[in-house]
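Below you'll find a set of structures to go through.
You will see two complexes here that share subunit A, one where it goes with subunit B and one where it goes with subunit C.
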Partner chain A sequence: MHIRISRDELYSGVGPIQAVVETKRSLPILSHLLLEASSNRLSVFGTDLDVGVRKRLDGEVLKEGSIALSARKLYEIIRELPAATVELNVDADLTATITCGKSEFRMKGLPRDDFPSMRESKEGGILLERRLFRDMIRRTVFAVSSDQTRYTLNGILFRVTQKDAKMVATDGHRLAITTHDGDLLKDRKPVEAIIPRKAATEALKLLKEEPGEVEIEAGENHLLLSSDNTLIDARLIEGQFPNYEQVIPTMATKQVTIDRDALLAGLRRTSTIIGERTIPTTMEFKPGQLLLSCVNLDLGEARERLDVEYQQEEMTVGFNARYILDFLSVVEAGQVTMHLQDALSPALFRAKDDKRYTCVIMPMRI
Partner chain B sequence: MPSANRQQPTVNSQTSSPGGFRGLIGQERAARVLQRGLKTGRTAHAYLFAGPEGVGKRTAALALAQALNCQRGDAVDDGCSACQSCRKIARGLHPDVQVVEPDGATLKIDQVRALGADAALRPYEGKRKVFILQGAEKMTEQAANALLKTLEEPPGWTVVVLLTITPSALPLTIVSRCQTVIFSAIASDALQAYLVATGIDHTQARLIVSCSGGSIGRALSPEVVSLGSSRDLFLEELGRGLRDGPAALIDLAERLAKDREGLRQNLEFLSAWLRDLMVAKVSRRQEWLINQDRGEEVAQQAEGLPLNAILDSLRVVNGTMDGLTRNANPRLSLEDLLLQLRASVSTGLLQVSA
Partner chain C sequence: MHIRISRDELYSGVGPIQAVVETKRSLPILSHLLLEASSNRLSVFGTDLDVGVRKRLDGEVLKEGSIALSARKLYEIIRELPAATVELNVDADLTATITCGKSEFRMKGLPRDDFPSMRESKEGGILLERRLFRDMIRRTVFAVSSDQTRYTLNGILFRVTQKDAKMVATDGHRLAITTHDGDLLKDRKPVEAIIPRKAATEALKLLKEEPGEVEIEAGENHLLLSSDNTLIDARLIEGQFPNYEQVIPTMATKQVTIDRDALLAGLRRTSTIIGERTIPTTMEFKPGQLLLSCVNLDLGEARERLDVEYQQEEMTVGFNARYILDFLSVVEAGQVTMHLQDALSPALFRAKDDKRYTCVIMPMRI
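Moving on to the complex of A and B:
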C-alpha cells in the first residue's frame, strides 16, 4: 500500500474516528484503525464493536493495499505534522512508513484479516434530511434508560412505516416520541430497530448540522448511516421494544398552556434548592396561575409564580423537574401545553399545537 | 473497568491445533451431547461444563462457538477450521466470541454486567454470540445474581457457557438454568496415545500420564519435561529425611506444605512409586510399571519390602491426597504421612546419592 494525501485531509478523517475507538477492550486490534487504499480513495475505519465509523478521504493511491495501525499513535503523529503532503508506504511485513516534509515515522501494523469486518451498504436505504434526523435523536435520546436489566430500553426505537418515521425512547418514568409524517420508504421494507444510546450520541457528533441528507439502512443486526463521506455502523439492540402506545394518556383533559421560556427559567430557579436526592417539584394549578415550589428539608424552599392559561379546577401535581427541563430544552416553540388528568396519572407535554413531538412524564407523589 | 478478557493463546489451548471437536481428546461423551444438539439445531442458551482442570472444557466451548458460527453452513456439528470465522475464534479474534476470566481471585459483577450489556446487542459479524465464563465457581454472589438476569431472559443469539471445576460451588439458581455437560478426567490410554502421537517418548508419556490425573492441561504444562528429575529430587529428599529421623521429617513436611501446587505432584510421584513397588512385588512385569525408567531400582526395592508395608504406605498416601482435596491442613497431614511412612518403609525409596 502506498498513498499520498494532504495532512489536513488525513487529520479530518483520523481525528473523529480515533475518538470512537476504545482502548479498554481486551481485543487488542480494536485500538487500531484500519486504513485501506483503493481507487484514489483512502478509507479509515475504527470500531469499538458497538459503534464503528468509516470515512473516505481523497488521496493519490500509488499502490492499493491495507493495514491496521494504532489509532492513538497515528492520531498523535498526524496532529503534530506540518500542513503538507503526507506519504504513507506499507511494506510486505506490515511496517508503515509515514513521511511528511522532513519527518519520517515507522510503525508496525497488523493485517487486515484480524480486523472486525466492516459493513457495506447493500441495497441503499431511506433518505432523511440530516437536520431532521439529528433533531429526532436530540428530542428522544435523553429519555433512554440506563437500567441495564431492561436492555431493550437502552436505546431509541426507530420505526419507519409507509406513513411516517418515529423515534421513541423511555426509561419507565418518562417517554419521548417524535414523529415525522410522510412516506420515506418508497417501497422499501419497513424499518424497526433499537439504536443504542452510544450510537445515537455518536451520530449526533459525527453528522454535520449543515443541510444535506443521511441515508439510513437497517440490516438484521446493524444500522448503517451514511452521509457525505462518513459511514456510521451501529450494532442494534436485540429484543422487542415495549408497547409504548398504551402509556400515552387519553384521559388527560385538563389543559395548561405555558410560556416555554418562563417555565424553563422558573424550573431552573426552583431546582437550585434540590440537593443530591431527587425531590419533587410541586406544581399547583389555579385558574390563570401556576405556582412552582420545591421543599428541601435540609436546606429550605423555593417558590415561583407563573402566569398560565388554565381554566379548570385547582389541582396539585408533583414532578421530577429534571424530566420537564429535558423536554423544554429540546423544544423550540414559544408556548408549551401540558395535559393532565389527576395527581397520579401521567401527564402529556407538547409544544403548543404540535402533535409531532410528545413527552409523557409520570408524576411523583408529594 | 475490568471488562471481559478476550482469550489469549495459552499452554492448554495448543496454538497448533485449529480447534473444533476433532481437537478434543478423550471427551467423546461430552462431544456427542453437544454435537447432537448442534446437528438438530437445538442448542441450549446456557451450558455448564463441569469437570477437572485441563480436560478440554475450554476447547469444547470454543469448538461449540466455531460450529455455531462456521461459515460453511448452518447446523453443522463441527467447525470447518478453515473459514474466517473458525480461524478468528481459534485465534481469539472473533468479536462475537468472548472468554471471560476471573479478574484476580474472583469473577466480578462488573465483568458480568459488561457481558450482559454486550449480550443485549445483536451479533457483530457472527451468527451466534458465545460468552465463555472460565472459572465460573469464582463468581462473587453479586456477579452470580447479575448473571441470573441474563440467563433468565437470554437475548436471542446468545449462548453462555460456564466452565467450572466445582459445580457444587455455584448457586443452584444458576445451575438449574444451564444444561450441564460433564467432562470426566481423560482416560489414561487416550491421554497416553495422544502424548505419544505428539512425539513424546513412550516411557516419559507413561510417567506424565500418571502424574497428570487425566488432565491434558497438566500433561502439556512445561514442567513435564523435568518430571523425571523432579521425581528423583523429591524421592531423594524423602529418603534423606527418613534416614535422618523424625526431626528432619517434620522439617521436610513444613517445606513441602508450603508449595501447594508442587505438593500434589509430589504425592502423585509417591503414589506412583509405591504402586510400582506393589506391581513389581506381585508380578515382576517391567512393562506394567509407571516408572519404567527406574525399573531396576523398583525391582530391587520391592525385593526388600514386605507387601503389607507397601500396601499400608500406599493407603496412607492416598488417604492424605484425599484429605488435602477436602481442605485438610497440609502441614499436619504431611507430618502424619511422613511419620507413618517412616514406620513402614524406613529405608527410603530411592537411593540417596550423597
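Moving on to the complex of A and C:
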C-alpha cells in the first residue's frame, strides 16, 4: 500500500473516527483504524463493535493495499503534521512509513484480516434531510434511559411509516417525541429500530450540520446511515419498545404560555440551590404569574417570579427541574406552552403552536 | 449586614476566590467565603490555609456586618443572576437573603468568628511591574518538583537583593532561572522566600495581565501580594533552597541556534511516538542540521530534520523532550540557543541574545 494525501483531508477522516474507537478494549485490534487504499480513495474505518464508522477520503493511490494502525497514535501524529502532503507507505512486513515535509514516522501495523468487517449498504434506504435527522436526535436523546435493566429504553425508537417519521425516547420519568410529517418511504419498507444512545450521539457528531441528506437503511439488527463520504453502521437494540402513546396526556385542561428564555433562566437560577440529591422544584401557577421555588434543607431556598399567560384556577405542581431544562435547551421557539391536568398527572411541554415536538414530564410529589 | 452591589462586581470577586477554596476539606468553614461589609466596601475572603485571597469590591453598604457563605453555592447563584443590582441582607439569625430582579435566595451562613484570619500588610513591600512578576512565575513554575520528599523544591525560590530579583525552580532534572536586573529594594529588606506551586499558579490567575504593579511583602513564613483590589496571602515553604548556581554549566563549548517554532513543532511531532513511559529524544547535531528522533519499541519511531546554525563537530545527546517543550512554550523569542559540552553534561537553553532567562536540562542516556 502506498498513498499520497493532504494532511487536512487525512485529519478530517482520522480525527472523528478515532473518537469512536475505544482504546481500553480488551481486543487490541479494536484500538486500531483500518486504512484501505483502492481506486484513488483511502477509506478509514474504526469500530467498537457497537458503532462502526467509515470515511472515504480523496488521495492519490500509488499502490493498493490495507493496514490497521493504532488509532490514538495515528491521530496524534497527523494532528501535529503541517498542512502539506502526507505520504503513507506500507511494506510487506506491515510497517507503515509516514512522511510529511521533514518529518518521518514508522509504525508497526496489523493485517486487515484481523479487523471486524463493515456492513455495506444493500438496496439503498430512505432519504431524510440531514439537519432534520440531527434535530430529531437532539430533541429526544436526553430522555434515553441509563437504567441497564430497562434495555429497550436505552435507545431512541426510530419509526418511519407511510405518513411520518418519529423518534421517541423515555426513561419512565419523562418522554420526548418528535414527528416529521411526510412520506419518506417511497416504496421502501417501513422502519422500526431502537438506536442506542452512543450511535445516536456519534451520528450527531459525525453528520455535518450543513444542508444535505442522510440515507437510512435499517437491516435486521443494524442501521446504516450514509451521508457524503461517511458511513455509520450501528448495532440496534433488540426488543420491543413500550407502548408510549398511552403516556401522552389527553385530558390536560389547563394551559400556560411562558417565555422560553425567562423560564430557562429562572429554572437555572432556582436549580443552583439543588445539591446532589433530587429535590423538586415547585411551580405555583396564579393568574398571570408563575412562582418557581426550591427548598434544600441543607443549603437554603430559591424563589423566582415570572409573568406568564395563565388565567385559570391556581395550582401547584412539583417537577424535576432538570427535565424541563433539557426540554427548553433544545427548543428554539420564543414561547413554550405547558398543558396540565393536576398535581399528579403528567404534564405536556411544547413549543407554542407546534405539535410536532412534545415532552411529557411526570410531576414529583412536593 | 445589608449591601447593594452590581452583579458583575460581585461576580468578579466571588468567581476567582471560590476557585482557591477547596470544597472537600474536612473543616466545613474552609468551603465558605467570608463576606464583610464596611465603609462602602464589600470584602470577599477565601482560604485553604495555604493560600488566602481577599478582594475588596465597590458596593453600597446599608448596614455593616459579616457572614460566611458556601463558596460553591454563592458562586453558582451569582453566575446565573442577570446583570442587575444584587441586594444581600443578613438577619440576626445569620440567614442571608439575596435578591436580584425577580429572583430571591435564602441561605444559612456561619459567623465570622469561625473564619481563619487574613494577614494584613504591615509596612508595605517592594514594588514590581505586574506583568514582569507574572512572566517570572510562568518561566519557572513548570520546573517545580512534585516530589513530596524534596519539600524545599516544591516551590519557586524568589530572591530579591540590592541588584536584582530572581526566581529559580528545579526538580533535579532541570532548572529554570529568570533574573530581573535593577534595585527594587529601595530601603526595604532583601527577600528570600520559597513560594509553593499552588500560590504561584493562583497568583498567575489572580493578577491581571494589564499594566500595573504588585506590592510584595515577605514576612517570616508568609508572602503578601497586593495589586489593585486583590490581596494574596501565601504560606511559604520553610527550609533552605539548594545551592543551584553550581548546576549551571560554565564549560559549554558548543553552541547551536535554532528557530524556536521549528524546534517546538518538531519536538511535538517526534513526541507523539512516546507512550506512557519516558523515552529519550535523540538530538543529533551536524553542521547546519539537527536530526531529532525517538524510538518506542512498542509503537514505532519518529524522525525530524531541522536546519540550524551549527558549525562544530558532530555530537549526539538525548533529552526528555517534555523539558525542552516546557522551556520553548514560555519563550517568545524567534530563535533559541543551546549550549552543550558533551552527551552527559547539563545543557543550557536560552532565548537568543538573552541571558536573563536560562533553562538547564540534564541529558538522558541513549
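Note that in this section the second predicted complex is superposed on the first by the 366 of 366 C-alpha atoms of A that agree within 3 Å, B and C clash if a C-alpha of one lies under 4 Å from a C-alpha of the other, contacts with A are read in each partner's own complex, and residues count from 1 in each chain.
Everything that follows uses one rule, which is that contacts are C-beta pairs under 8 Å (C-beta built on N, C-alpha and C of every residue); 3 or more make two chains touch, one makes a residue touch a chain.
All values reported here derive from a predicted model rather than from experimental measurement.
*Asks:* Look at where subunit B and subunit C land on subunit A after superposing the complexes, then choose clash or fit.
*Replies:* On the superposed model, which is not a single observed complex, subunit B and subunit C fit side by side.
*Asks:* Figure out whether A:D187 sits in contact with subunit B (first) or subunit C (second), or with both, or with neither.
*Replies:* Touch partners of A:D187: none, neither subunit B nor subunit C.
*Asks:* Quick check on the superposed pair: does A:E210 touch subunit B, subunit C, both, or neither? Answer first, second, both or neither.
*Replies:* It touches nothing on subunit B or subunit C.
*Asks:* With both complexes superposed on chain A, which partner does A:K102 reach: first (subunit B), second (subunit C), both or neither?
*Replies:* second
*Asks:* Output check: A:H222 vs subunit B and subunit C. Expected answer is one of first, second, both, neither. What do you get?
*Replies:* In the superposition, A:H222 touches subunit B alone.
*Asks:* Could you say whether A:S117 touches subunit B, subunit C, both of them, or neither, answering first, second, both or neither?
*Replies:* Touch status of A:S117: first partner only.
*Asks:* Touch check for A:E276: first (subunit B), second (subunit C), both, or neither?
*Replies:* Once the two structures are laid over each other on A, A:E276 reaches no partner at all.
*Asks:* What is the value, to the nearest 10 degrees, of the angle subtended at the Cα centroid of subunit A by the Cα centroids of subunit B and subunit C?
*Replies:* 90
*Asks:* Between subunit B and subunit C, whom does A:L299 touch in the aligned arrangement: first, second, both, or neither?
*Replies:* In the superposition, A:L299 touches subunit C alone.
*Asks:* With both complexes superposed on chain A, which partner does A:I77 reach: first (subunit B), second (subunit C), both or neither?
*Replies:* second
*Asks:* Rounded to a whole Å, what is the shortest Cα gap between subunit B and subunit C in the overlaid structures?
*Replies:* 19
*Asks:* I'd like to check the shared interface: which positions of subunit A are touched by both subunit B and subunit C across the two complexes?
*Replies:* Residues common to the subunit A contacts of subunit C and of subunit B do not exist here, since the sets are disjoint.
*Asks:* If we count contacts the way the header does, which residues on subunit A are in touch with subunit B in the complex?
*Replies:* For subunit A paired with subunit B, touching residues are 24-29, 49-50, 113-114, 116-117, 148-149, 151-152, 154, 196, 220-222, 235-239.
*Asks:* Can you list the subunit B residues touching subunit A in their complex?
*Replies:* Result: residues 1, 3-6, 84, 88, 91, 93, 95, 113, 116-117, 119-125, 149, 155-158 of subunit B touch subunit A.
*Asks:* Which part of subunit C faces subunit A closely enough to touch in the complex?
*Replies:* 70, 73, 76-77, 79-82, 95, 102-108, 265-266, 268-270, 272-273, 299-306
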